[in-house]
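Have a look at this one before I ask anything.
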Amino acid sequence: MTNSFALDWYFITLIFTAGLYCMLVSRNLLRQLIGLEIMSKSALLGVISAGALTGNLALAQALIITMIVIEVVIVAAGLSLLVKNYRLTNSIDIWSLDKLRG
Amino acid sequence: MTTGLLAYLLIPLFTAVLIPFAARTRHRLAGVLANVTLLAGLINVSLTLFNPANLASAFSGLAENGFALLMIFVIYLVALCVTFFSSYFIGNDSTVNRVPYYSLILTSVSAMCGIVTTGDFFTLYIFVEVLAVTSFALITSDDGAKGLEGAIKYFLLTFPASLFIIFGIAFLMLTAGTFSFESLKVIIASGLPVGGVVFAVSLILLGFLIKSGVVPFHTWTPDAYEGAYAPVSAYLAGIVTKVSGVYAVIRISMILRLFEIKAYHTAEVLMFLGMLSIVVGALAALRQNEFKRMLAFSSISQVGYIILAAGMGTPLALLGAVFHLVNHATFKTVLFLNSASLEKSAGTSDMNKLGGMEHSMPWTSWTSIVALLSTAGVPPLSGFWSKLIIIIALWDGGAKIYAVTALLFSVVTLAYFMVMQRKVFFGKPTEASRNAREVRPAMLVPVVGMCLLIAALGAFFPYIYAYLVEAIAARTIL
Amino acid sequence: MTYHTLLFILTAAAAVAAVMMKDLLMSALMLALVSVGASLILFDFQAPWAAVFELSVCAGLITVLFVSAVSLIRREENKLEDNRMRFYAMPLVMGLAAIAAWFYAVPFFESLENWARFGGRVNSLGAVLWDIRRFDLLGQISILAAGVFVINSIFPRRKKQK
Amino acid sequence: MNPILIPVILPLASALLLLLVSERIKHLRELLTIAVTGACFVSAVSILNQALFGTGMEFTADWAGYGLSFTLKADRLSSFLLLAVSLFSFVISVYSFSFGRKGRARWFYFNLLLTAAFSAGAALADNLAAMLFFWEGLLIFLYTFIALSQNGQPARKTAMKAFLINGVTDLCLLIGICITGYIAGTMSMTGIAANKLTLDGWAALGYALMAIGAVSKAGALPFHTWIPDAALDSSAPFMAYVPAAIDKLLGIYLLTRISVYLFALNGFAQLALMTLGALTILVAVMMAFVQNDYKRLLSYHAVSQTGYMILGIGTLNPIGIAGGLFHMINHATYKSCLFMTAGAVERQTGSNDLSKLGGLFRAMPVTAVCFIIAAAAISGIAPLNGFFSKELVYAGTLNTGYTWFFLAAELGSVLTLASFLKLGHSVFFGRRPEALAGTREAPFSMLLPMIILAGICVAFGFGARLPVTFLIEPSLQNLGLRHEEALAGFHFNKLFWVSIAVILTAVVNHLFGLAAAKGRPDKSSDHIHYAPGLKEIYAMAEKGAFDPYEQLRKFVPFAAGLLYKADRFFDYLTDTLPSSAAGVFSKASQRFHTGSYPLYMALTIAGFVFYILFTATYGGIK
């Protein structure tokens, strides 16, 4: 396998940027979570790329499995916050969340 | 991981799992179980710490990791205060669901113990995430819109932190092949070039800086603290964000100092951000009207002191940072619990609507005074010593401008706390405060106990210093 | 190289599409596509366990979660007037980012590659998980427990009288 | 108990006892004070006796270590001074017995006794630090003495003026003593005298500062300005006691001590002292000449006479110093006597204004006779004590070769006599105003002290040998001075003829003045007062233009204003500016924290982008 570490990370950077852009411009809380997921994917790819380069594949896999578990719980928590907010305020607009200020 | 400390992690987790089954029908049992678990843990850790043999030998014979032991003590202490306070605070409030509430607190205690006992970056990351997830839910315990807003902002604004920690871990795997602190020390000691390791560690540090709410990343802090369910703000501000962020920053700067000149710029950024936090936090706190929000900005400012000292990186500065972390946990818990008492009693924590509370709530007023004096660094309370150590360390380390600014802003600290005390406790009673009564004695127990601890930490400073030097500096830092 | 790069391009394109889709359901599906891409990349890296996990959990479970959330908030979705201009501008932004990253990020990562320290310890995944990262398993248990408590706390089983 | 302690401890203890005496018991306070001061006088006589014919008494107690032992030593000069101080304490306490307008009796006698105790201590102290202690104590009681002598604002104001002037100069004294003690390595005067200091470098500064303290106590120019004010705003007994007697005694005593005993002076210091003396004589007597208030006129003379003493000490030759010391005791005697007559006249007529008085000789013959004797003495008319002491000062001055100072002193004499001619004529001769028709002689308790003092004036004149032999000569020996000339005795030398000429000039001047003022004796000085050129100067002097204190007081509001401005500015810098800056920043922060998520997110992203760029650039990778 030809390892193209720099190229991998080039794409990882792009995916990360896409997720970040989503989180910056989107008003929709769900889209925020989607951006967040995209960024998580980029991090995951980064770990496997680094592991593959240095021959620590088993370790990288172990990390990725744990990360996926964490990711699921995080997304579940985020979505439940979203749904609860929707039930409470009937809105999923994150820009309208500005009651706390000063 | 020190296996001897594993019990502090496992037992709360076990109780947390037990609670939904045991307290299925009798919800009040949940609080009792949580309190008993935490009290047992606290007694156990106190016996280890304040063993007369340890005191006599100036802690040099302590078997366990001294830093972790101290942190576990603080974690159990604050958690016990909060759960004890909550068990009376919740009362007949039907919006709060006791079973998951106490389960979450115990889970987060377990996670915090995991954070402070681990010696590995990835494990650290896992427990930080556990802690974050539990705190999102804890913030919204009372189903309020404010709490939800705070939780969502906390969730989204601190999420990049996890990513940077992961990226840092990836780079660490790339450049060092390992994540544990000990093997990093070995690699540094081996004399191989470590520039890439420094970058990786810097990225991880960035993640924890975001988690600890240092200034450009602080925006979630006031919202989360203000919006959170009242006892939970004490828990969050007192210990959760400190362990999930600031503790890790101190740990990382203990490693950074081993890189010596190669990590110079990272340490410099750290100091700069610490200073910025002190300044912005203190200035922003000056004009707040909401008690809890003011305390949140004050918390940012105090975290700035810790970060500043951590960035300085000399052994003395790190000891000061650790001690200030401990002190911050004590006095900020007192202040937030007092704000919760005010909310319960007077129905609001808006400072403009309060006034003259010293007549109706004398205990709350006096404990606030003790805590704020300690925060501002007034001798002989504990906060004075930690700030003194930090400023002396900064001065000795050559960061004279930082030292002077830190000193000046402790005056500002005193100023905004005096404004608070005047608005809330002194002056003429207002509409809201006329009907207020002192909270029940049981709710004063944690606060008064904490105040006694503040005074004791100040009075027995020589012992504390001996502990810091013998049990932390001699083993963890050097 | 080409297959590997193609997979990355696919994942990146799916990510951009997931952001740009007007329909939230389509976005969620595109996100699943990103996960599938990531999973394929993991296979390509010869990390089958991670790939399977990714495929089943992320592409499966998380997508289900998203889709159900979308269905819960369906009514609201159309009311929210997102400024589409920001999303139409995204290809432009991504293009600029791609060009800038080509000039700045690639040399940076190439220099970072030089720092690589080869481990070369060939262990089985099970050995690694159980021997080296045993403590992580405890963390996984913790976070699963925490997840349960979070859901329990946020969506409590209400009593009848409500 | 060592008898040397009696003049210090006894008044101190009885002053405290006095405060316990009930207001209602009549005369107990007065009698107690008279008894105590009398006892002090007797013990002072015995101390002097011991010093003259035996070994001087000494008392030492370790005080604070560091060479600051508390030493009282009755050498001959000190015992002479102690005798004088006790004498005046005694006669004043007798005099005050029936004097009404002296403030509340309790406090008057309290102050009197404490002043007596502290001045006795200052006279006896051998250690500079101990002397300073008593000296500063006197300062406090000077303030309370004036402030409590009359009810009302002017007394307080004058008391503050006296306190400030003396306080500043006492501060000089303090610094001078510190410097001197440091240079000499000891605070003991005996110890320093064994190895006299020369005036160079720091020692010169130390001497100058101590001299300032001494001459200001004596009331010389330019530290005299509180005395005329006190003459108006306080009581006659106080004036007769403190500025006329005690202050002169102590000030000249200290000046003698430091100038002759502790330091070896050079020509420059001699010239400076003599200039100061001559200036004091002339300026003060010019002021005295035109006064229209009995006590105020006397008070200017009290200043003027100080000039003779300083002039005498400043000559630094034995004759001059003997003259200075002799003049010191003489002056105290007659000036005290004169103030007592002023008090008596005030008590009997209710006024001190010369234009309202006149023709009192018949009504108050004893007072008038005492006045005439004392006035003659102060003017230096031949067989009275003032003549002999002045003659010694003149002789000493001529010996130095500075004829100018002699001429100035003689001119002073002319004006002194002229002003007393005016005063006596206005008060006791001429036509008695209608209002004073029923005036009677003062009570016996007031007459007795006057008679005693007038008697001393006569006795020291005709029998000048007595004080010279028993007081002045031993003091000179004590100071280590030798001389061949006979100090006492009546010489028909040129100085005698000069004094005759002085008397004639003054009489002629008075007659001219009377003629010019159309027979009004109180206006007999107007031809000089309103002479072209002098008129403006006098007007300015009356307004206080030459009073450093008043000038300072005018300057103070201005300076205070400036300082206030500066203070406001610093206050602004330290208080308002930071707090308003903090306010601006915190308002800005309040505006910034809008709760808007995209703003927060943008800030976070900006923060980590900068962080990553910084660490990637400088983080050690390249």
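Side notes on the structure shown:
A, B, C and D label the chains in the order they appear, each numbered from 1.
The criterion applied here is as follows: a residue touches a chain if its C-beta (ideal position, glycine included) is under 8 Å from a C-beta of that chain, and two chains touch if they have at least 3 such contacts.
The model shown is predicted, which means the values in this text are computed figures rather than measured ones.
Touching subunit C and subunit D at once are the following chains: A, B. Contact tally for A-D versus A-C: the pair with more C-beta pairs in contact is A-C. Annotation: 93 Å between the Cα-based centres of subunit A and subunit D. Measuring from the averaged C-alpha position of subunit A to that of subunit C gives a distance of 6 Å. Distance between chain centres (mean CA atoms), subunit B to subunit C: 31 Å.
With centres defined as mean CA coordinates, subunit D is found 72 Å away from subunit B.
Counting partner chains per residue, subunit B has residues 122, 126, 129, 133, 136-137, 140, 149, 153, 156, 160, 171, 174, 177, 195-196, 199, 222-223, 287-288 touching two or more of them.
Shown for subunit A are the residues in touch with two or more other chains, namely 23, 25, 44, 49, 51, 53-54, 56, 59-60, 63, 66, 70, 73, 77, 81-82, 84, 94, 97, 99-100, 102.
Each of residues 112, 115-119, 133, 136, 139-140, 143, 146-147, 150, 154 in subunit C touches at least two other chains. Remark: subunit D residues 590, 593-598, 601-602, 605 touch subunit A in the complex. Looking at the complex, you find that subunit C touches subunit A at residues 1, 4-5, 8-9, 11-12, 15-16, 18-19, 24, 27-28, 31, 34-35, 38, 41-42, 44-47, 49-50, 53-54, 57-58, 61-62, 65-66, 69-70, 72-73, 76-77, 80, 82-83, 86-87, 90, 93-94, 97-98, 101-102, 105-106, 109-110, 112-113, 116-125, 127-129, 132-133, 136, 139-140, 143-144, 146-147, 150-151, 154-155. By the touch rule above, subunit B contacts subunit D in their complex via residues 149, 153, 156-157, 160, 164, 194-196, 198-199, 202-203, 206, 209-210, 215-217, 219-220, 222-223, 259, 262-263, 265-266, 269, 280, 283-288, 412. Residues 16, 23, 29, 32, 36, 39-40, 42-44, 46-47, 49-51, 53-54, 56, 59-60, 63, 66-67, 70, 73-74, 77-78, 81-82, 84-85, 88-89, 94, 97, 99-100, 102 of subunit A are the ones that touch subunit B when the two sit in their complex. By the touch criterion stated above, subunit C contacts subunit B in their complex at residues 112, 115-119, 133, 135-136, 138-143, 145-147, 149-150, 152-154, 156.
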